[in-house]
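Shared chain: chain A. Partners: chain B in the first complex, chain C in the second.
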Partner chain A sequence: MLRRARYELAGRAAFPILTALEAWQHRLKRSRKQPGGGPFGPPLESVRRLKELMAHHYFQGRYADGAVPVAWVTSGFPVEVLRALGFHTVYPENHAALCGVQRLTPEYSDVAEAAGYSRDLCSYVRTDLGSVLSSKTPVGRLPRPQLLACCTNICQTVLYWYRELSRHLGVPLVLVDTPFVHGTASAHQLAYVKEQLEELCLVAGRVSGKPLDAERLVEVTRTAREGSRLWGECLAASRARPAPWTGIDGFFHIAPIVALRGTEACNGYYRLLRDELEDRVARGVGGLKEEKHRLLWDNLPVWFAVRRFSTLLAERGFNFVSTSYTDAWAEAGVGIDPDDPIGSAARTYTHVILNQDLPNRLDILRRLSRDYAVDGAILHSDRSCKPYSIGQVDLRERLAAELGIRVLLLEADHNDPRSWAAEPGENRLAAFMEGFE
Partner chain B sequence: MRNQEIRTQRERHGRQAVAVLPIHYPKELLTALDLLAVELWGPPGPPRGDDAGRVQSYVCSVVRNALAFLAGGHADSVDGVLFPHTCDSIQQLATLATDLGGWTKPAFTFLHPRGADRPSARRFVEAELRRLAGTLEAFSGHALTEERLAAALALHREVDAARGALLDARARLPLDDTQLYALLRRGEWRWPADHLVELEAALATLAPEPVQRGVPVLVTGYVPEPAALLATLNGAGGYVAADDYAAVGRRVVRATPTPAADPWRALVDRYFAAPPCPTRGADTGVRMAHLAALAERSGARGVLVHVLKFCEPELFDVPAVKQAFASRGLPVLVLEGELEGALSGQAVTRLEAFGELLQGAPGAA
Partner chain C sequence: MKAPARGAVTGVAIGVDVGSTSCKAVLVDGAGRIVGRRLEPAHPRVEEQTGRLVAALVAEAGVEVPVGATGYGRKRVAAARVLTEITCHARGAHALHGGGGLLVDMGGQDTKVIAIGPAGDVTDFAMNDKCAAGTGRFLEVILARLQVPLDEVAGYAARAGAPVTVSSTCTVFAESEVISLVAEGRPAEGIVRGLHLALASRVAALARGRPGTGPVLLSGGVALNAAMVTALAEALGRPVRVLPEPQLVGALGAALSVLERIP
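Entry: the complex of A and B
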């Protein structure tokens, strides 16, 4: 009871005070700052709200365990069931990315490696396991989970990762296994996933201490679908010339659809962002001051160098107007149907980009390239993400040949700067850009 | 040898051959349909063709070598390829080689359910087995009758029983590790009934008392390549007393409850009775208990973890293996390889040092 009150208080009273304080500091800082400068257009006003939203999520999370049921969840997990049961969800991938941006991965990875985990494992995993084993996190504190919820639709790695979390934390693991799709999923694949979702309802219900309310699930499913639609509208704003924001902005603004999917807070935020983007389009305000070339990005961001990449590109008028990574959350989520929350979730979550064959991936890249009228593409060959990276050599050749665009395969890692050769990498990037001039 | 076997089976028995990627697959279905399975573990050594370059260097050598091998025409003697969805990388190889170039003959997939044995997974496996059987029937031109399937199941039970008996009685088997693994790994490409004959011949040579004089070692890992590792281990004073290689021991189904009368049910039971394997998402605790039992039964005094570089399923379990055996006081050596043609000098040195450590351990011979 007391913990619940503290959790609510943290979200409703303490956090707004802290936010107001931060906003005051922000205004003070801005008033001292010289205006203009740099290749970017005016910053998005929504950014501050985004920071508040995510900070609120993590701040309230500090007080979640013992107050509400807590689950740690993979990004592609059918979260609607958990949301309907009142779980506070933590996304270790999102947390790891946050650590990546702050360049904390080497420190946390060292801890994981000292415990015997190979440096060849995914850097999200090493970041997260290092954080768990060292009890260090840049967000103050992560609530201890009562349930680990893993879906294999983004990779098999998450199963091994969550199995290790389960071993270290002594917490049950619930798995939604989505066999890989060649072409379209077979009836028995979908039946298998649906049956596991039904099992999930029972297991998560037991952990939360209450049965799943079917009405609530319908409501959450509707909200989640709306969230994906709104996120899609935000991304689609970049079809305009100039694009009203940068693809790099998109990498950061993806956080709510990943971590807060199925909540009104998420949807409210994307309405705000969409309206701002549409307003910028109407006024001809771009993410860059001068947009000369439009690019497509494939694979996860290089979190620790996002700002650096963005600046290097922007200085020469290059903008990522579309990314297959951010698009994935817009593509998949609109398939869920409040009239059939479980059946449609089985279908939707099985057909996400990384759980489908390479012809499907090529189709997505072709479509994004055409819809967003790109002149070139950068395929991030990500040492830490094999399912996203295997096949890119062929994809590069096909995209270049079929669409007549320049395509660069750039090897890096989404979280570990030790796997990124900055000088040769930036040199390749510069040579790629020179090809457009 | 593989090509000779493919030719012989085709000429004498009219059998087609199917190359099979690692690790687990329902071999019984292929046997029942008169299809010769020829497994493709890489192959080891440098990639045999430029197509390896279509896969990044941070992906395991099994996948890179297999793509080069298939696309380079080296597997043209087979009539089709089966890609079990073992891991993210082999899963991607299945679509890369068949959809974007490298393999134009028929290709088949087998999807594994991950995680624990549960009713939904059992239903999925049966449906997936029936789906695969349907495509293989069309490919082979044979109808899969229940009698054919039951006969294949009986044959593979015998093969597994013989392989299991050889591994269990390892100390009494007058073969060194190189010879033992050459025998066991011929099962990757020989017709099962012929392989059974050579297994039974080896069983007939079992001595009444232990003949192995080295220090017993438990080996766990992906595949015993390069084979020189085995000779080096023997030279360093150890021998493989217990095997948990994905290519070998992890595919020997030892549980022998009364088989179900319905062959499909029996096939599903066999699938789930296989030893725990990380690629199938086995529970870590269950797997560690299995390894501990293997070590205890064989009297192993050390553990060799022989992993393939970039192989996530295996690498994830390394800390748990170390922890499990440290608590039992058994030394653990982790050796990482890349299907190289020869054992590196560094690996030889480490194995020799490990052998010395084991021979100096309390109770050593």
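Entry: the complex of A and C
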């Protein structure tokens, strides 16, 4: 009871004071900066609210264990069930990305590697296991889970990762295994996933201490679908010329749809963002001061170099107007249906981009290239994320040949700067851009 | 922006290519021909070295001329125009070959495959992984280990019977692999040939999917190695044309690029 009150209080009272303090510091910093510099358009007003929202989420999380049930969840997990049961969810991938941006991965990975985990593992995994083993985190504290929830629709690595978490933390693991889809999932594949979701409802209900309320699940499903729709509308604003924000902005704004999907807080934020973007489109305000070339990005962002990349590109008038990564969160979620929460979740979560074959991936890239009228594409060949990077040589050739656009294959890693050769890499980027001039 | 017309050079210019192994500078005349050249091992003090090379070429020209720079150290050169070596190699090769085509540039630190359009523009390119395997440095290290002088490489490869396979793709590991092959009594000739074939097949993999039927153009220091030229032609299944003064192609492109900007 007391813990619950502290959890609520952390969100309602302590946190607003902290954010007010940060906002004040932010204003102070801004007033000191020279106005008008740099290749970017005016910053998004919503960004401050985004920081508040995410900081609030992590801050409240510090007080979550013991107050509410806590689950650690993979990004592609059918989270609606957990949400309906009142779980506070932590997304290790989102947390790892946060560490990546702050270049903490080498430090955390060293801990994981010293414990025997291979450097060839995904850098999210190494970041997370290193964080768990060393109890280090940039967010103060992560609440301990009572449940680990893993869905293999993004990769098989997550299964082994979560098994290790289960071993270290001594908590149960629920698995939703989604067979890889060639074309469209067959009826028996969907039945197999649906059965697991039904079991999930029972197991998670037992862990949370109360059974799943069917009405609440319908409500959460509706909210989650609405969130995906709103996120899609935010992304679609970039069909305008100039795009009202940069692709890099999009990478950062993905946090709520990943970590807070199915909550009103998430949807409220995206409404605000969408309105701001649409207003910028109406006024012709761009993410760049001068948008000369429009690009598509495939695969995860290179978190530790995101700002560097965006500046290098922006200085020459290049903007990512679409990315398959941010699009995935708009695309998948709209398929869930409040009238059939479990059946539609089985279908939707089985058909996410990383669980589909290459022709499907090519279709998505082709469609995004056309919808967003891009002149070029960068396919990030991510050393860590094998399922996303496999087949990119063929995708590159097909995209270039079919759409007549320039396509660059850029080798990097989403979280580990040790796998990124900055000098040759930036050289490739520069040569790619020179090709447009 | 449309690619500017090439070949309309109207003055003299200097091009500097600061590579990982060597530093190159050329002076070109109004017709885009190389009329002065300097080539030295790369020095860590880029500003000093390039300043000296440029001053020497300016003295040859007798007048101040604009400078274009390329290569890894390009940003540290006092130049009117700075472009990546990918763009400059394309410009240089286009001028030397008199048209577009597929260029393989094998330098000290990287190998590039560049598709050049009819106007000298880069239509597509690919480079070796972020590692020295498949580059001039790789060959240099291993040949030094085998004590094969560079000017005898072609003879070694030609004399070889069956090639000996060197399976490691890492320069450091390949070096130790070669040591054990030698210890096993494998002939140096076979190892040299095996190395060249392995390298050539890696280049051919980079060139995969880049169309064209004419000769593949070759530039960079490795182009002076006849054994590599033979191995490449074999792996690519196409004739290979070594560009004249292959090490200077990037510098030439840098000089030409600066002339494009002069109205």
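To be clear about the criterion, the second predicted complex is superposed on the first by the 437 of 437 C-alpha atoms of A that agree within 3 Å, B and C clash if a C-alpha of one lies under 4 Å from a C-alpha of the other, contacts with A are read in each partner's own complex, and residues count from 1 in each chain.
Here is the rule we go by: a contact is a pair of C-beta atoms (placed from the backbone, for glycine too) under 8 Å apart; a residue touches a chain by one contact, two chains touch by 3 or more.
Not measured: the values here are computed from a predicted model.
Trainee: Which holds for A:A400: it touches chain B only (first), chain C only (second), both, or neither?
Mentor: After superposition on chain A, A:A400 lies in contact with chain C alone.
Trainee: Would you sort A:E411 into first (chain B), second (chain C), both or neither based on which partner it touches?
Mentor: both
Trainee: Have a look at where A:E434 lands relative to chain B and chain C in the superposition and call it first, second, both or neither.
Mentor: It touches chain C, and chain B stays clear.
Trainee: Tell me which partner A:C155 touches in the superposition: chain B (first), chain C (second), both or neither.
Mentor: first
Trainee: Given the touch rule stated above, what does A:E423 touch, chain B (first), chain C (second), both, or neither?
Mentor: A:E423 sits against chain C, while chain B stays out of touch.
Trainee: On chain A, which partner touches more residues: chain B or chain C?
Mentor: Here the partner covering more residues of chain A is B.
Trainee: Regarding the shared-chain residue A:G66, is it in contact with chain B (first), chain C (second), both, or neither?
Mentor: It touches nothing on chain B or chain C.
Trainee: With the touch criterion stated at the top, can you tell me which chain A residues are shared between the chain B interface and the chain C interface?
Mentor: 393, 411
Trainee: Hey, which residues of chain B end up touching chain A in the complex?
Mentor: That would be residues 53-56, 58-59, 63, 85, 87-89, 91-96, 99-101, 109, 111-116, 118-121, 123-124, 127-128, 131, 278, 281, 283-285, 309-310, 312-313, 315-316, 318-320, 322-323, 336 of chain B.
Trainee: Of all residues in chain A, which touch chain C in the complex?
Mentor: Residues 393, 397, 400, 406, 409, 411, 420-421, 423-425, 427-428, 430-431, 434-437.
Trainee: Inside the complex, what are the residues of chain A that reach chain B?
Mentor: Counting only chain A, the residues touching chain B are 115-118, 120-122, 152, 155-157, 159-161, 163-164, 167, 175, 177, 179-180, 182, 186, 188-189, 191-192, 195-196, 199, 357-359, 381, 383, 386-387, 389-395, 398, 411.
Trainee: So in the complex, which bits of chain C are touching chain A?
Mentor: 1, 72, 83-87, 109-110, 121-127, 129-130, 209
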